[in-house]
Amino acid sequence: MLTILFDGIAYGMLLFVLAAGLAVTLGLMNLVNLAHGSFAMAGGYCCVVLVNQLGVPFFAALPLAFLVSAAIGYGFERTLYIHVYRKSHLDQVLFTIGLVFMSVAAVDYVMGSSQVFVQVPDVLQGQFRIFGVGVGRYRLLIIAICGVLTVGLQLILTRTRFGSRLRAAVDDRRVASGLGINVNQIFALTFAFGSGLAGLGGALGAEILGLDPTFPLKYMIYFLIVVTVGGTSSITGPFFASLLLGIGDVAGKYYVPKLGAFVIYTIMLVVLIWRPQGLFSRGSTTK
Amino acid sequence: MTLALETIDLEKRFGGIIATNKVSLRVEKGARHALIGPNGAGKTTVINLLTGMLAPSAGTILLDGENITTLKAHKRALMGMTRTFQINQLFADLSPLETIGLAVSERRGQGLDWLRVVGGKPDLVTEAADILEQFQLTDVMDERTAVLPYGKQRLLEIAVAIAGRPRVLLLDEPAAGVPEDERHEILAAIAALPKDVTVLLIEHDMDLVFSFADRISVLVNGALFVEDTPEAVARDPRVKAVYLGEEAHG
Amino acid sequence: MTASRSLIARAQDSVAARARWHPLEFVFWLVAFGAIWFAPGYHLILTEVAWLGLFALSLDLILGYAGIISLGHAAFFGFGAYVAGLLAKHELVTEPALALIVSGFAAMLLGFATSFLVLRGSDLTRLMVTLGVALVLREMANRFDWLTGGADGLQGVTMQPVLGHFRFDLYAHTAYTYCLVVLFVLFLLARRVVNSPFGLSLLAVKGNPLRASALGISVSTRLVAIYTFAAFYAGVAGALLTQTTAFASLDVLSFDRSADLLLVLIIGGAGYLYGGLIGAVVFKLMQNYLALLTPQYWPFWIGLVLVVLVLVGRDRMTSWTLPIRRLAAKLDWRTTAKAADAAEGH
């Protein structure tokens, strides 16, 4: 059972890294970005190409995946997303669905439609036995990296100037702008960073989640669940939501295999009925 | 005589803040009752509590002697308590005719009628036309509300509340933001309100208050401070102090 | 104070003009029905246009008239599709028209049950909830493959003649007529509903739920009502798909289906009932043309259309219908000058 818990935590933390960017962009820019998964996919495929075809070491490919996805994110934000900030949520949904379809088809065309795998270095294969519990090395790595990222994120948000500017802009954009905070720049950097995180998550997750061109569509609901259950007014909300979902999903699939996938959906529906604004959000501000 | 509207020790807390502090309001039938007070006194909160948009932390609300404290907002409207909003709350894409027609239709309980065409009952249209004429909206009755001048929108805001044939009408700063040259229409409309409708008016414009009201309640920091005839309130030094004090600090 | 006779007459005329049939509407339906005799070679694709149009019409009812954004409307479509398939396969209800009604009611029940989920919360919550419901349903259809055939789809569906008389044929002649008649009847009903006091109250709820509530409207009740009603329509559309193809598979419940549907409605424009129908025509034409070009990667082009559509602006897109509407107003000899101006102003 501890193995399940461990796997669930690994899965949850991976989900968190993947979905964190989405939570921040939704909270910050009130932007519903259903194409978030596409950036994760980009990072995943980037890692695959780097490691499998170009022989780049895995541990070097990870930050590169982050950078590539961040760059793509920055580019898209400046050219495309910037036009839809002020549009209705319906427009944003349509727009980002369009982007998802385009990215899925494009990747299908370029990389083929079958699932791809990263050649994970030998040191990460197999398990440790800690106190008699089988602890997968790869999953341990995920927990380690994601843990560091989470702490880092929290520190950036709470201890740095950028972080406080970001939090101000999330809280009230107009006031922040009036205080001289360059909101546009913050948007662009945050979006890029969030996309980069997604890319890193995609690279890390390729091994566990399976990477193929339909990745953004398959996992869209998971990211959305993390964001809705966790709320968008903090980082800790989505963090705990991800853990809850990760453990719930892994445990569900193990103990009740026939109905395993429903566990996540049920959690989501129950939470949304009970508290539409999310489990952890600090009440509602402007919609 | 039953009071048209009464609250007993009405309270509203937001966390540690007491927005409404044991307010016991007594509004008589047919009265022209004004609720005044400095900014932030909590006047709109009281209106929101009365109409059911906010749930009270404690206290009772009685409409014509009936306890409506736990009744939902839309039910209170159907029971005869309608309101206007300080910032216009209208239907941007509907025309005044459609808006008033809808209000009349809902009042008559025809709102769930899904098979008859709107306007199938001619007396509904007649009633809507009456109200539109009453509020000088006939020349704009087919325009989209969003394109109407602000003064006309404000008139429509009142017309919609009247279309509900209320027993009690709550007016939340009806003249707010209306340009000088359009104010008289609003004031005339308020003066022409039917005598059997009880009116509770929130206003900052003292001229309007004193020319309109036969009873004034003063709300300060969420609590009822003074309630008396206009003459008494005007003479009360404490009221002056409250307003002047607010000016000194504000 | 009573209003003058002329004022009342003017008001009554304005109100009546809302529900009046424009000449172009007659043209639309004449062409649609005329195609039964004059375009037999196109009946296959026209059948698809018909049930897709009905599906889009059902989305218009909740999105265009009540303002509910749904990413999972395929849930009701797919549910209706499977019910119709199962009714036929297990010979529970063999007459197609009757089975159609039963499937519609089944979807309606599902709509009612899930309607409470879309009442509270913001747009994002609604997106999530509707998406979630559709995904749950799809997962269930996948799991219960002993019932649904799972990924292989529902096999062994054979359709009896409609009303015992009209056999389904290979060239979709019966199918098209059947679908068109169903579409027309349901369209007439929907037209009645949106022009009713209830329909007007929906527009109010969509425009300003706060004010609607202050008028005595129970917002929740109205939303539940229209959501349930729309689910019936979506279920019937799904049933039509199954009945005309004798097959149902998991993709009737897929996210793609819901997403494509949004596009269909947006192309034609939401909020005037014909948007879904026009959008269905354009979408199918697009799909046919693009499928010839790049059969495998056609989602790319759909995505591109969506992106461009939003960037250009939806209102600027539907302004292509404006000259047509102006023409419609001018052609209608019964329209007052005011109504013609109103048509221009929108």
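As written, the chain order gives the labels A, B and C, with residue 1 at the start of each chain.
The rule we apply is simple: a contact is a pair of C-beta atoms (placed from the backbone, for glycine too) under 8 Å apart; a residue touches a chain by one contact, two chains touch by 3 or more.
These numbers come from a predicted model, not from an experiment.
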- Task: Hop across touching chains from subunit A and tell me the fewest hops that reach subunit B.
- Result: 2
- Set B-C beside A-C; more C-beta pairs touch across B-C
- Note, CA centroid farthest from subunit B's centroid sits on chain A
- Item | Inter-centroid spacing, subunit B versus subunit A (mean Cα positions, whole Å) | 49
- Item | Whole-Å gap separating subunit B and subunit C, where each centre is the average of the chain's CA atoms | 41
- Where subunit A and subunit C are represented by their mean Cα positions, the distance between them in whole Å: 34
- On subunit C, where are the residues touching two or more other chains? none
- In the complex of these two chains, what residues of subunit C are touching subunit A? 63, 69, 71, 116-117, 120-125, 127-129, 131-133, 135-136, 139-140, 143, 255, 259, 262-263, 266, 296-300, 302-307, 309-311, 314
- Item | subunit C to subunit B touching residues, read off their complex | 1-4, 7-8, 10-12, 14-16, 18-19, 192-193, 195-201, 203-204, 207-208, 210-211, 213-219, 221-222, 225, 338-339, 342, 345-346
- Message: Considering only the defined contacts, which subunit A positions touch subunit C in the complex?
- Response: 26, 32, 80, 83-84, 87, 89-95, 97-106, 108-109, 217, 220-221, 224-225, 228, 258-259, 261-262, 265, 268-269, 272-273, 276-277, 287
- Would you tell me which residues of subunit B are touching subunit C in their complex? 51, 53, 72-75, 77-78, 82-83, 85, 89-95, 97-99, 101-103, 105-107, 110-119, 122, 125-126, 128-130, 132-134, 138, 141-144, 147, 160-161, 164
